[in-house]
Structure formats: C-alpha cells, structure tokens
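Next, two complexes with chain A in common: one pairs it with chain B, the other with chain C.
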Partner chain A sequence: MKIKSGSGLFSVLMVAALMLAACSNSNGSSSPSASGPATSASAPASESASPSAEEQPKDPLGKYPEPVTVSMVLGARTPESKDVPSGLTPDQNGYLKKLKEMTNIEVKYAWTVPYEQFNQKFKLSIASGDLPDVMWVDQVTFEQFKEQGILGDLTEAYRDYASPTIKKWMEFDGGATLNMMKSEDGKLLGLPSYSDANQSLQTVWIRADWLKNVGLEVPQTFEDLERVADAFAHNDPDQDGQQDTYGLALMKSLNFWGFDARGFFNTLGAYPYNFIPGADGKLVAGETLPETKDALSKLADWYKRGLLDKEWAFKDENKVVEDMIAGKVGMSFGEWWYPNWPLNLVKDNDPKAEWINVPLPSYNGNPGKSLVPRARLGKIVVVNKNFAHPEAAIKMANFYPEMTKKEYNDVATPANGYVYEWYEPRVSNPTEMETNYIQVNEALKTNNDGYEFENGSGALLYETAKKYANGDQASWGLTFSRASEDGGWGITRQVRDSGQIVRSGFAGPPTPTQVEKGASLLKLTDETFTKIIMGSASVDEFDKYVEDWKKLGGNDITAEVNDWYAKNPMN
Partner chain B sequence: MPFRRMAFSRQLFIVINSIVLASLFVLGLLPFIHLLSVSLSSNIAALSNQVKLWPVGFTFEAYRFLGQKPEFLDSLVVSLQRVVLGTAINMALVVMAAYPLSKEVERFRLRTLYVWFFAVTMFLGGGLIPTYIVVKETGIMDSIWALILPGALSVWHMVMLLNFFRSVPKDLEEAAIVDGAGQLKILARIYLPISLPAIATILLFTLVGHWNSWFDGILYMNSPSHYPLQSYLYTLVTKINIEAISTEDLGALNRLSEKTLRSAQIFLGALPIMVVYPFLQRYFIKGITVGSVKE
Partner chain C sequence: MNRTSKRMLRLKEELPFHLLLLPGVVFIAIYHYGPLAGLAMAFQKFQPIAGFFHSKWVGMKNFEYIFNLPDFSQVFWNTLEIAVLKIVFGLAVPLLLALLLNEATKSWFVRSVQTSVFLPFFLSWTILGGVLFELFSFKGPINALFAWLGVDPVLFMGDAGWFRAILVGSDVWKGMGYNMIIFLASIAGINQNLYEAAQVDGAGRWKQAIHVTLPGMAPMIILISTLSIGGILNAGFEQVLVLYNPTVYSSADVIDTFVYRLGLFDQQYSPAAAIGLFKSVISLFLVSLSYYLAYRFSKYRIF
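Now for the complex of A and B:
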C-alpha cells in the first residue's frame, strides 16, 4: 500500500501512462462537464463576440463577457509572510478574486496539497482520469504529456494575448527556452518559467574574520585556497583554543544545490555530472575527463589532511548548515544566495562572523571557470487540449506581473489575503535579479527615494538595503545577496562579465537511456567518487570507473545527448 | 521468591535481563527527551546543534506560536475523529467477522469459502491507482470516510482473533447453549470477556495504526485543512526537492530552519499515543482461559 517515492513513483507513472492512453476517449466526453456549465454557456457568447474582438486589438487582460471557469490543481507552498490572515485557504486567495474581477476568469481548485506532496497527488489524479484545464508542470511531465498528445496548442493564444512584459521575458535568452516548448511541427505547447542561468554560477564564501585571525589574504589561486583551508582546520581560526574546526564545508552529494563540490571541481577545470563541449565540438561527459580525476585526487588529499569533515559523506545539507552555524567551518563553495540562508543564521549566532564572496581561484595559471547551465527551466504553463479557452491560461500568466505594478502595491499585500505563493501560473522574470541590482544601486548612489523601480521587488530591496546601511543587521541577508557590489549577485555578475564561465551543452529532457540507466550510472559515479575521496579506493580506480561508465550506458547517453545537441546547437 | 534466596543463575538472569531492558527503555526514551529539549530551546541553539538532552536558552516560544497555528489544531481534531470512529468501526467488524468464522465447517457450511474470500485480500491488493479510483468513484474522497472505510476490516487482525476464539474451550459454548443463550449472547458474555488480551492487542494496533497513518490522508484529502495530524506532520519534515534554487525555495529553506517549532509539533503529535499505552498494558499480561474448564 505505502509507496516510498523512487521506484514506487516510477511504477505509478508507468501505469499513469497506460491509463491515460486508455482514457483518452472518455476524457473527450467528460471534459466539458468537468469544466462546468459556465464554460459551455459562454462558448456561444464568445463566438458571437469574436467579430468585434477582431476589430479591436486583443487585450492581454481583457474581460470575458461571461464567467469562464478554469479547473486547476495546486501544490500550495506555505506563505513566507507572517501577515497572512490565519485560516485563509488557497481558494480564498486575494489574487483569485482580483483575477475574477479583472478578467472574469474563475479558478476552481479540484484539490490543493502542500507543495511537497504535489507530484504524488498529481500523478495519481491524472492516472484516475482527471485532467485540469490549466496546469503548471515540470519538464519531465511536460515531455510525457507532449508524447501522449494531451496538450493544447498555445501558439495563437501566445501571439495574440501575451502581454508585452511576458513577451519581453520570453525574449531574454533569445527565445531559446520558449523554443524548447515547441512540438515537432512547430506548435507552442507550453509557456516556460525560467531564470537567469548565471544564478547557478559558483563562487567561494569565506569568513573574513577567520582569515584575519589566521593572518591570511583572500585566496587568488588554488594553492592560496588550500592554505586557507589548512589554516581553518589547524590554526584555530575561531581562537577558542580548541581543535574543533575544519577547512571546507561539504555535503554527501557532490552535485547538489549547495554545500557541494561543484565549485571545487570547476576551480580545477572539471565538470562532472554535466555535458560540456569538447575539443571536437561534440558534447562530452565531464565525469570521464582527466580533470575530474585530478580534482578527486586533490579532494582525497584534503580529506587525508583533515581539511574536510571526517564525516562529510554522512552529512546532508541540514547537518552541514548546523556546522556552519555552530562555527565549525568557515568556507564553502556556492551560489549568490548564501547570505539569505544560511549565512544570516551564522551571523545571528555569532555577530562577529563576517562573510566575503570571491570568484573561483585560478589553478595552474588558468582562472577558475564556473559551470553555467544552458537553461534554468522552472515550471511550464500548459493547457488541456479539450479546454475551450487556451488564451485564458495566457491571460492568467499576464495577470501576475500586472499585479506587481506600483498601483497595486497597497492592495496586493499578504495582510489583505493576497498570497503570491498560491497563485499559479506565475511565470518568473529572468531579468529581475539583474534589473533590481542595477536600479537599486543607482538609487542608493543618488539617495533617490522617488526612484521608479521596474519591479515591486526592486523597491523592497532598496528599502531593505537602506535599512542595512543604517545598521539593521536583520537586513544583511537580502542586501548582501542581491544588492551589495561585493556580495552574492555583485560578484556573480562580475564573473559573468569577465566571461570566465563554461556553458553546459545539454538542456533537453532525459534521453531514453538516461531514463533507463541514468540512476544506476549516477550511483556508480557517486560511490566511486566518494570512495576515492575517503581513501578507500585509490585514485587509479577512476580509470576503471570511466570504462565501466561508458560500457554500462554512458556511451549511448553521450550519443543521444549529441543527437539532441546537433538539433539544438548553442548560438 | 525474595531475590536473595534464588539460585545464582536465576539472580544473574534477573540482573542481566533488567540491564538489557533498562537500556532498551533508555534508548527508546532518549529521542523523546531530545525532541522535548529542542522544542524548549532557542531556535539558534537548536540550529547549531548545541541542544542534547537539556534545553539551551529555555523558551516556550515554539509552543506559544503553535497555539496560534490553526493547521495544527485542525489536523489534531481530524485525527481524533478518525481514531475514535475508525477504531470503533474496525473493532466491531473484526469481532463480527471473526466469530462466525471461528466455528467448525460442520456448523458453518461455507466457512472455508468465506475464509478464502477474506484471506485472498491479504496476498493480492488492488494497487494504488485502482484503490484511488474506487475511493474517488464511491464519492467518499475528501471526507473522513476515505480514511476509515478502505481499511475498515483488517484481515490480519481478523485471523488473529479468529484463532484466539478457536482456542476458547468448546465446553463453555455448549454449557451456555444448554443454559439457553443465543449466539449473540454467547459472543458478548463469554467470548469477548475471555478474549480480552487479544481484543486489547488488536485495539492497540488499530488505534496506533489510525493515529500513525499519514499516506492515505495525503492521497485522499483534497485540501490540507482536512489532513489528519500525521499527514500534516509529514509535510513538515519532508525535504524540499530542489534542483536549482529559486527565490521561493529560499523562503522555504528559511522556514525549514524553524527547528524548535517542528520539534514541538512532532512531540505533541507523539504524546497522546504514549499516554494510551500504559492503560492498555495491563490486559496483555492476563491469560484468562487458564482454569476456566476442568478436563
């Protein structure tokens, strides 16, 4: 009865696929009744209204003459704001009321679950034949739906109804991500939400107060970095007279979203877990390259010398964060957001803690080049092909950016019951980070309180940064991650502009062999790498691993990935 | 027998046995003490892993905040409803199914057929999706019945009780028949009192089962406000699945750092069932059939 994610979910998916195929007929007949009488009532009305609609330009937020009911399902995050009225449920969300008022679109949630449970419940309910009108799905689900032919065509809806804002966001990467949403015959099947890929760029976070205590400079080269790690582990950087610290934070997964080894590998020119363009222009798996072997031998050396935690292979992100907060470790590779969490907690626990952000150090005279993924795709708006109003999905996507405009700032507040975490589809703004950074810094330099910020979040950041400048320590996390020139995004964009990055080449859905063998190959990789670092296998084990990896499906995956790459070359 | 007059081997056994049991007890108790200490500590102390078995920076903040959190109290009410209603239904069905099936084939002709009818479900389940569809199509989705009816009869418990009933001496039933009692009366006045240890065991299993199950709540409830307590707690402790961190994930991560609050809720969630245990305990010890009939 009880399934435990992983393999269980996979079998659910398999059955889901079968069920969907079997149910496709009944879907057709059941859908109109599912979307309610309001829709069918409005169908003739919109037909008669269409001639007049053609005369005037199509309004991205135009109001339907009759209510249009849109069935959806929701994975609700817990609202971050503490001002949300207690007991408010997602179907009472202020944004939905406003949406109805503005466009006459009425959202009905068939169900809502906490965000973490969404995938499970979604797959089950799809398998039992309930397909909502508008959905907000991940890339894997998108590809499955595309295969099964249950997605509605958004080409015209996007062309005619997408607001200038949404169109601008889709053009941010030259339309590359939007193009990934097209079917073989060029139909647009989804509206993607993606963010600036540079947000994945790796940097080093170091405790400056510890550097001072051990008398070292900010590391410029890998050798410098090694000296810092050594001093942090052995020279009592926290000056409490005890040997209770180690050099570099590392969690058990070498390729994760934080506190992992990506930055270390990248510094040494290694890009495991990614496909990067090789010398012959074809993509090659970073796991198999000699740079990775070199990096592993360095990590093994660090482990032997006590620069890594003895128990790193057993620590998840929470345990590593515990160590950081407790002041056991003062250096970690990572992305721009660390001050927002967990470095803010480190400062809460120890006000003396001072963090600096630096680019990856150089190695053998070559600057450390961080990996930047080709795409940073979030979720995708799709519609059921039986849904009569695909443009309603586009209007709903237009609606959220509209609500972040200044005139709604006082209305759309958590205290008024506007919970943005519950509003879907919410296409994210890929330019937000950069625009806010530039505008906030401009406003700060001229001390211009009347600055016209493009995004509501920009105005908020400006206020936070001013509070921090006036000594409010609680504002440090947001300010130092997003606004400070020497902080998270400040350093990230500096590296981006210097061009010291490597782009990964593959951004497609998992290939057939990846689906079949990817998990076991990943396990082989993780186990081998961990053993090498812990010293229970010699570094030369790597050569055998590469052979095995290639034989056990790696070669097939590489070929498939290159097929995709040939069809989708990087510009 | 007083300890001193026992044989040495017996004394040794008692000492070692006590030590082993006591350490098991401590092992079981420590996590709860730790949980309680964390829930009573300041959040930053809990986050930096300073709290072991005694609160650091003592505060009731987590419990105070919890009192204002409707989700926790709502789900507690759902859980209590489920436990009371569900256990009552489960027990009634188990007893009523086990009793006739405990009779011999001569007295109940189709007994074997019925036993197989039940037993087959122990080996073959409908599977997740068909069960989900059944719940959906019967229209009990999103109601408390979706948590109770699909598992209303535990065949495993029924077989346990059935075997217990069969071990009851037949002479007792025959004597009752001679005295003019009907089957219902025999069940209520003879079998049930004699079977108290078995009933108590099954009652406890059912109770704990209902209290602890979380998966069906997540499956069948269409809104988190209908979740039983354990489903709600589960959503607190699951890790967020992140591939590339977004600004929203950052908010979620910051909330994950509310460690004291989480501990307080888990502690309160485990408390009621811990309180029930000692009260049912005494029924386990008594084997009642001993001495009821002279052979």
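Now for the complex of A and C:
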C-alpha cells in the first residue's frame, strides 16, 4: 500500500496516527509500531472512522485532542537579549509552552548542545541512525536524507495545513525553491526557509571620512577604486602620521559570506565558484574563464603594491573585522548587512568613522555586475518517515509567524522566557526585507506613527529609524542597513532594479562528481588562486589550473550541472 | 601430589589477580576490539540509516577510489616526511636534553628546566597556534630579529619550506618535555656501580656518558622508537589543521586533514574508513617490523 495523494487515505492515516499517539502518549515516534508500513497496515481497521475525520476542518494551528509528542534536537545559540531569565533552559522556552497550549504539540529534545557543537553532534546522530521526528537541516543534509529514504512525505500535510502566510512566502519566487524540495516522483519532502536572493548582492563599503582625508571622490570605475585602495594604503588616510593601513579588506577564503573577493571578481566580470550561463546558453564554471585570470592578476598586482594585507591568506573573518575596528582598513566588498555588524563597531571605536555604500564600479566601460545566486536557501523543515504526524511539523512552522503578530507582542518577550533563537523551525519571510523597507520609508516620509506594518519587525525598524533621525547613534546599524535609501538594502535594491546583475544558473544539490571530487577541486582552486595572488605562482599557472580542473572532474561536473539546468531552466 | 592438583592450587592462588584484570579486559574488548567490526564500513557503501547490515557491499571500491584521488599521493608523502622528521627530532632532542640535564648538578636548576620544558606539553594546539601565528607573523618578533640582522622579512606561514620547519620544530618543542622525563627516569635507573667502575678505569664525564649512560638507556630508547614508529602515518592532525592554509597545502596537507575534509565535510564515511584501515595496516606492519628488529639487535621484548 503506497501513500499517494488523496484526502481519503490521508485522513485514514491521520486517524491511525492519532490512535497510535493516544496509545503511546510519550515518544510516539521512535517505537517501530509507529513506522510508516505499520501505520498503513493498521489503516483498514480504522476505515470506518474515516468519513467523520474527513469532515473535520484542517486548521493550520488546530489543537490535537491528545498531546502529540515530537522529538527534536537543538543547537542552542546564546540568546541575543539580556532580558532572558537566567537559568532558563531550552526545554523551558516560552514558545514551547505556548505551542503546547495552542496545538497540544509537546516538543521533547533528545539532546541540546551549544550551537557551535551542533553540526558535529548531529552528524554523529546521523551516523548512528538515531534521528528525531522533526528536523531543521541544511541543503546538503536534506539531499543526503532524501537519497537514503529517511524523509517523510509532507505533500498532504503542506497542502492541508500550511497557513496562508507560509503559503504566500513559498509563492514569493513562484514556488521555485519549494519545488527543489520535491522527490523524483513529486512528493514534497521538506518545507524550505529561504530569503530574497538579492540579499547576496555585492556592493562596496568605503569609509567616507578617509576618502575626504586623501582627497578622492567616490569611485565610479575600477581605476578610481584602485586609486582609492592605493591612497588608503599609502597616503595615511587616518592621518595619524603612521604607515599602518592597507587598501582592501580580504579574508583567507576568496568565496565566503563576507570580507571575501566575490565583489572584486564580479567587478571585473569574473564569477569563480559559480556556474553562469555562457554564450551558448549552457552553464559554464566561472573558475575556467579568462575574466577570472584577469581578476587574479589584478589581485596579485594589488598584493605586490601593498594594497592588500601581507597576511590576508591567514586571516579569518574575525581577524579582518579586528583590523576594520582598529582602523587599519577602510574598504571592503560585501552585502547589505555590514552596518549592523561590523561597521557599527568601527563607529563605536572611532566616532569619526563614516561609511558609505556604493554599487560595484565599472570596468573597461562595462558596469560591474554582481552575482546573484539562483536561490538563497536557508534551512529546511523535514520529518522522519517513521513519524506519525507529519502535519505537526507544518503546524510548528505555522506557529512561529503567528507569534510575531501584534497581539502577542507583549506576551512573547525574552523577559517572559520566550527565546526565539531556541525555537525551531523558523521559516523566514522572503519578502520581509523589501516590505519593511518600503513601508518604513513610506511611514517616515509621512511621519505616520500609526502606520499598519505588515511585519512586527517593520514596526521595530520604524521606531529605530526614528531614534536614529533624532541622533541616537546606537540605532545607526539597523537603520543604515535596512532602511536608509543610500544604505545597505537601499543601494542593493537600486542595483537590482537597474538590472546590473548576473544570475548563477545552478541551485541543485551537489552532483555525484561534486560529492566525489568537489573537495579535491576546491583545494586545487584555493591553492592556485591564493598562490597566484601572493606571488608564489605566476599568473600563467592559471592556464594549467584550468586544464587540471577540467581533467580532474570539472568537465564531468559541468556536464552534470547542465543536465540539471536543462531540467530546471531559469524563467 | 600430582600435576593437576598442583595446577589447581596455582589457579586458586592466581584467581584474584585474574579477576582484578577482568574489568580492564572487558573494557578493551568493548571499546577497542568491538569497534573493529566497524571496519566493515570500509568495504561498504555505508549509509547510516541502512546501518552495517543493510548497506551495500562494494569490495575494494573505496580503496580504489581513495588511491585514485588526485591528492592522495601528495598527502601520503607529506604525511610520511613530516612524521619521520617529527619522530627523529622528537627522539634526538629530548635525548640530548636528558643527557645534558643529567650532567647538571644544581637541583634547583634541573627542576626548573624540567618544569619549563614540560610546560608546553599541556597547552592545546589551538592556543599554541595563535601564539605561533603572532610569533612568526610578518610584523612579529622573529621578523623583527631578522630585520635587525639585516635579513629581509619572511612570510613564514605562507612559505611551503619554512612552514614544514615550523611544523616539526613546534611539535618537537611541545612534546620534548615528556620524552625527556622518561629518559631521565631511565638514566636514574642505571646502576651507580657502573659509573664508579668507569671512573676507576679512568673514564671522564664524556666517556661515561657514551659508554655507561647511553647503553643503559638503550632499552628505553628502543621502546620509545618502536612505539613511535607505529604512529608514522600520524603527522599531527590538530597541529596541521590549526596552522595550515592553501599556500602550504603542497608541503603540509596530510592524510588526517584530508580525511577530515573528506569524512566530516563531505560525509564520505566509507572512503574515510578505508583510509583509516589503510593507515592501520601499514602501522601494524611497521610496529611488527620494529619489534622484531628491537628483539634482533638488543634482545628487547615487550611480551
């Protein structure tokens, strides 16, 4: 008996599941009797009960008549808020109590560890085959689970129980990300949390006070940018009479989430570490293209001239941020969020520091086009196939956005023991950034304190922006990243609307050859690129690298990626 | 009294000792021999959910796969070279230190040297890594010294040759206190009569060290070398992981860092297990060989 779509069968399963849950009021999951086949087998017995179950309305936050236990695991971050009562443990989280009260879902943690240890511990759990009912996993783990047949079907649960809010979010990109969660035969195996891909768009952050000190304008072209970097490195931009600065922040991974070389590459039309559409419409690996060689030779030149830190290749993001805070560097490529961290810390340390955000400069007369990934996928809600209540996972996902509604503002506070960092799954709103930006700016322009914001975070942003307008410097980070027209999101959406972007074409799971050879190829790439930039290998090594890269599996990966692309063309 | 009853009597006497031994044997059986069954993973396409019993058997495929990986020969030779250097210097330096310290007569001096040499042994590589980075940084004290000597500054951590010297040097520095103590203990166990006899024969300090101290220490030196040869494919995972970067992959990427990236990042359990088994087989062979040689040349046996 195979589970196919059809509400009749589904409700049968539901009833069977409820009965099972009622029998074993704790731990309804890990006992083999609750497993898929057993549930199906017991279905005929409860057939007679199905008609009445079918008529029951499917409430996204409906309360189970009997408590339903859901086992989970958690990597607990330290709560951001200082108001959280001391000694509170994750299983005492206010959100869980509220969830129980509202839906009768009782979350039991099989284990909780500090966030930093989560991956390791979770991988051990995977290796030992001991998995909880509901999980909040990354894409790689998702694909692995999918391949191993660990995941439960969420098709009906999503269709019948997802709240209108969640459904709206899933439709934001036309359902593209949701479709990536489907199995070959069309079953939905996960509910993704994703954000607007434009959030990855690269811009340049520059210290305007330093620009003034060295007498230069905001860079429009790559040559301008080079002059700025040179002046920041050699013309004492902080005017302390010492030669203690360098031109551009750069960390050891050229392709990272910040302080990396993506923006530099993109400015010069190079897109390494990505598959982009080539002239023939097929995807091609950015690593292998001549633009990348050109960009590497430019970086090597910058390194030789002292525009980069001599030891950039040994510095992680924290070291680079230390340098920024210490006023050793005043320019970095990066995304919209920098003001919120770490630029706010630079300002704390040096009140004179003034940051501006500008689009990528042009090169050889062509505007710099930032890469925007095809998808910006966060974590994914999945259920164990042995779990009798897949819809409970959907209800749990419905629950979090519900709690951000105004009516719960006074209840769901850290002081009351509500720790959002500990509540999973938290499906994020892909429209939040843009909606808040538009609504906050509208409200600011009309000075409308009674504005009805769609999101709780919008109202908060409005208040913060007003505080900043009244001179509160502590509100600068949030305001300048999310609300200011010349700030992080302001510039990002301006670039988005101008269309000066390049979209990567591949957003699938790692291909078989990627799994096998990906680590080796990445090592080859990192080693070659780093050596070329630091001058321990000549730029012409690049040609040999491209040959090796193709030979050692790159060609196979490109073919596999194009197979995926043919099945999932961009619209 | 016949033989069987004698044997019974012996057993009765020895039984308590056997019982004392039992917990240790059980512990070893559970935690050291039991997991050996997991080696099956190296011959399977292991999938956690399927477990050992339902994962597919693939024969030697995992081995074929790892030996064909483009990096394998590089990390293999790196491992071997780094480990040999570490073993040689890790024995020679503490031996020299122990001999020198043995000649020192002031006990406060001996004790303070012992303590300070032993101290780095207790620090973790994470901390030492930070210290080394500062020490050898472009504007760090070593380069300041170089500048004072009129030598151009060196990017130590980014130079494949220097980097390996730093790996070996810092490992020897960190571990030398431990072996030194063992050597000192073995020196203390040498019969004082031998020294007196040597003095009567007119041997000076130097001759005494060569002809009495060193031969007296030989069993310990052989034992420690034998044990370290078993670890010849362990080039120090933590240390390399903390210190290395892409510019020095060519001289510093070792089997363990490779397995780390393969097994933990890419979750390729089976190939990672295959490499582990491969390492163990080689180590077993080397330990047997050195054990045989130790017996052959100095009649030394552990068992």
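Heads up, the rule we're going with is that the second predicted complex is superposed on the first by the 512 of 571 C-alpha atoms of A that agree within 3 Å, B and C clash if a C-alpha of one lies under 4 Å from a C-alpha of the other, contacts with A are read in each partner's own complex, and residues count from 1 in each chain.
To be clear about the criterion, contacts are C-beta pairs under 8 Å (C-beta built on N, C-alpha and C of every residue); 3 or more make two chains touch, one makes a residue touch a chain.
The structure displayed is predicted, hence computed values, not measured ones.
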item	value
Contacts of A:Arg376 with chain B and chain C, given as first, second, both or neither	first
Contacts of A:Gln144 with chain B and chain C, given as first, second, both or neither	second
Which of chain B and chain C A:Asp209 touches, first, second, both or neither	neither
Dominant toucher of chain A (residue count), chain B or chain C	B
Partner chain(s) touched by A:Asp224 [first = chain B, second = chain C, both, neither]	neither
First (chain B), second (chain C), both or neither touched by A:Val515	second
Touched partner set for A:Glu463, first chain B, second chain C, both or neither	neither
Contacts of A:Glu541 with chain B and chain C, given as first, second, both or neither	neither
Partner chain(s) touched by A:Ala127 [first = chain B, second = chain C, both, neither]	both
Set of chain A residues, in rising order, touched by both chain B and chain C	120, 127-129
Footprint of chain A on chain C - complex, ascending	47-51, 65, 69-71, 133, 137-138, 155, 157-159, 245-247, 249-250, 253, 261-262, 264-269
For the chain B and chain A complex, residues of the former touching the latter	44, 47-50, 68-70, 125, 127-129, 131-133, 136, 142, 215, 218-219, 221-225, 235, 238-248, 250-257
In the complex, chain A residues that touch chain C	120, 123, 126-129, 131, 140, 144, 148-150, 252, 310-311, 313-314, 515-520, 523-524, 526-527, 529-531, 534, 536, 552
Chain B contact footprint on chain A (complex, rising order)	1-3, 12, 15-16, 19, 76-78, 80, 86-87, 89-90, 110-117, 120-121, 124, 127-129, 195, 199-200, 257-258, 316, 318, 321-323, 325-327, 335, 337, 340-342, 345, 348-349, 373, 376, 378, 421, 428
